[in-house]
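In the two complexes below, chain A is the common chain; its partner is chain B in one and chain C in the other.
On to the complex of A and B.
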């Protein structure tokens, strides 16, 4: 049963990952990443990380992907032709990546860790992977890392506002545009009234 | 399920992400592929955490999620800034830091 769940999750997680790379439109890449994340969360459950599986779904598939969808829609779907890498990287990139995969596999499988061939110990502490256990660890053993993470989030939020916010000159030109637009509208209304008045005058003259 | 399967899957996901970072040219897709690589790292951390029956790896994964969120925010901010300045959204043409 566990094997079926693993291979099912692994198949879709890997398929989603390949789709992210292979699909032309960035919008579909984002959707493929959502599929990948959902099945990755399933794999996290197999590893007894219930809290992190839930966090992955809520934070990633929920919040971060919405941000991606917004930006992908904002900059527009720039379709690039398939396999249109820069000429230096088109061949050497995949070769490097596959070499890295082989190196990792040799390193892991050749490490001689006996525990790698087992599904992990059966006698894990009770509540392993629940929010309680992770929270306790975080507040007791890893408090500094937790505080550093919160500081990092704050800095990233400020950085995003600085990077993506409108510059002062942008804003000025925007208000200028708006002012000239209002002026134009006023002129139009005035011209309209003049025409109406002339038509009314003509009508009175005819009568 | 043996732990080594998870590690091999994690290596595969990392490889796919790396290929994406190397061959794609759209910065949005490159950010997505970086996410793939971070997720592969998180999967490996969780697998080792399960192997040792120790929760430390899970806290590590939570920190990885935080760092990934920060990276997304800054990266997407950069992409929006590039778009506003009408620069080409193509990493091959953005070779200089000064835009």
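On to the complex of A and C.
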């Protein structure tokens, strides 16, 4: 049962992750990411991390992805070319990818694989992965890290608002430009009308 | 919170054997399946009364068999897919909506553990987060339905659903946080038990109001039925759907009304608690759910539809600060008292 659930979840989680980068349409990319997140939450459930699973779905699938979907659907329809990078990126990209792969490999070989042959922890402590346990960890043992992360998010939010505000000022000056442009056009239309009227008058006179 | 040995999935507070769980899920599903057509009929009847007309009164005595006729019509219709629709996603959308709606029913508690059988589907320690997790999955049903239909009305409806979701959901969650702080648990069963002295609607009245407003937006009911807004968008995300696929959207909407009513009863109205012997507990719970569902209908008949920018600024500028303030005051009071 566990094995079936694990391989089922792993298959869809991996498939979703690959589809995110392999699919051309950004809307499908976002949907693939949602599929990935949902099945990743399922894998968390297998590890008894229920709070993490619920938080993953509520925060990522429920809030962050909704914003992505919003943007992707509005921009949508544009098929992104799969690999159209500048010459510098063509060199740097693969190097960084290989470096990341090596880093992850070291981490996996060093820790994760060591536990592979063992049956795993015999008895999971009662209440492991519940909101209470996670809350105690975050509010007592890792308080500083937790607060630092929330401060970082706060700064990011404030920065986003400042940047958006600046963009709006630009747009205001742009509308000013447009206003003067419409004034110009009005003048032109008026001149046009005068010329037409004059031409019509001349025409009548000739008749 | 004892772990049942041999259970593969997470700690779910299962108190009973597997076969009881299967029977329970069937019973809960059947009860809700029976209530939905009655709710549908009562809504149409009541709307008729509110608007000084009769409502359905042709099929059967007093129009009682009307829902059966409706379902018969919907089932016998052709499953049609418009030319511009995206094949698999178009069929997937209503299934996803109804799937997540039915799964959420599992956490509604209809009573405490009696003779070793819990009167609820499951009592998960993440409790109310389960409700929010599945309601965010339900949203993808609307989104896919609107996007995959290949129609501008459907698309606009889906986009409105997205804009609406991010506007009310945070405030709705924060509104429940006050109750969670007071009860000291996320588990819905524990929250009901914590209301032995006083129902949480009294100390958490602000939270109750915010949750109900969020609930109207959650279920896409008037005055917040912007994703379907029939006066502007034909039927929004459901425009291109017919037959039982439309029926699924409709069915899911009514299940969600019952769920939101059920969550509100559990969190604020004392859940299964009420006078009388123990066997009345599920009846009390159903009664409270039913009264709140009637409240939904009453509001539908009373208020006009909001504009969607009104809903967004209402959600962000009024509900969210109010809910935050509610949580802050509750937290301070719980610590001080």
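Just a few scattered comments:
Criterion: the second predicted complex is superposed on the first by the 126 of 207 C-alpha atoms of A that agree within 3 Å, B and C clash if a C-alpha of one lies under 4 Å from a C-alpha of the other, contacts with A are read in each partner's own complex, and residues count from 1 in each chain.
Keep in mind that, in the parts below, contacts are C-beta pairs under 8 Å (C-beta built on N, C-alpha and C of every residue); 3 or more make two chains touch, one makes a residue touch a chain.
Bear in mind the structure is a predicted one, so any value in this text is a computation, not a measurement.
Touched residues of chain A were counted for both chain B and chain C, and B has more of them. Legend: residue contacts after superposition of the two complexes on their common chain; A:106 is shown touching neither chain B nor chain C. Shared-chain residue A:2: touches chain B and chain C both. Once the two complexes are overlaid on the shared chain, A:151 sits clear of chain B and of chain C alike.
By the touch criterion defined above, A:126 lies against chain C but remains apart from chain B after alignment on the C-alpha atoms of chain A.
Look at A:37: by the touch rule set out above, it reaches chain B but stays clear of chain C. Within the superposed three-chain model, A:26 lies in touch with chain B and out of touch with chain C [touch as defined at top]. Using the contact criterion defined above for the overlaid structures, shared-chain residue A:51 touches chain B and also reaches chain C. In the superposition on chain A, A:66 makes contact with chain C only, not with chain B.
Using the contact criterion defined above for the overlaid structures, shared-chain residue A:74 touches chain B and also reaches chain C. Shared interface residues of chain A, touching chain B in one complex and chain C in the other, are 2, 46, 48-49, 51, 55, 67, 74, 124, 128-129.
Against chain A, in their complex, chain B makes its touches with residues 1-9, 11-20, 22-26, 28-29, 31-33, 35-36, 39, 42-43, 46-47, 49-53, 55-56, 58-59, 61-63, 65-74, 76-81, 83-84, 89, 92.
Residues of chain A that touch chain B in their complex: 2-3, 6, 10, 13-14, 17-18, 20-21, 26, 29-30, 33, 36-37, 40, 43-44, 46-49, 51-52, 55-56, 59-60, 64, 67-68, 71-72, 74-75, 78, 80, 83-86, 89-90, 93-94, 96-98, 100-101, 104-105, 108-109, 113, 115-121, 123-125, 128-129, 133-134, 137-138, 141-142, 145, 149, 152-153, 155-157, 159-160, 162-164, 166, 170.
Of all the residues in chain A, the ones that touch chain C in their complex are 1-2, 5, 27, 31, 34, 38, 41, 45-46, 48-51, 53-55, 57-58, 61-63, 66-67, 69-70, 73-74, 124, 126-132.
By the touch criterion stated above, chain C contacts chain A in their complex at residues 1-3, 8-11, 124-126, 129-130, 132-133, 135-137, 139-140, 143-144, 147, 155, 158-159, 162-163, 165-166, 169-170, 173, 186.
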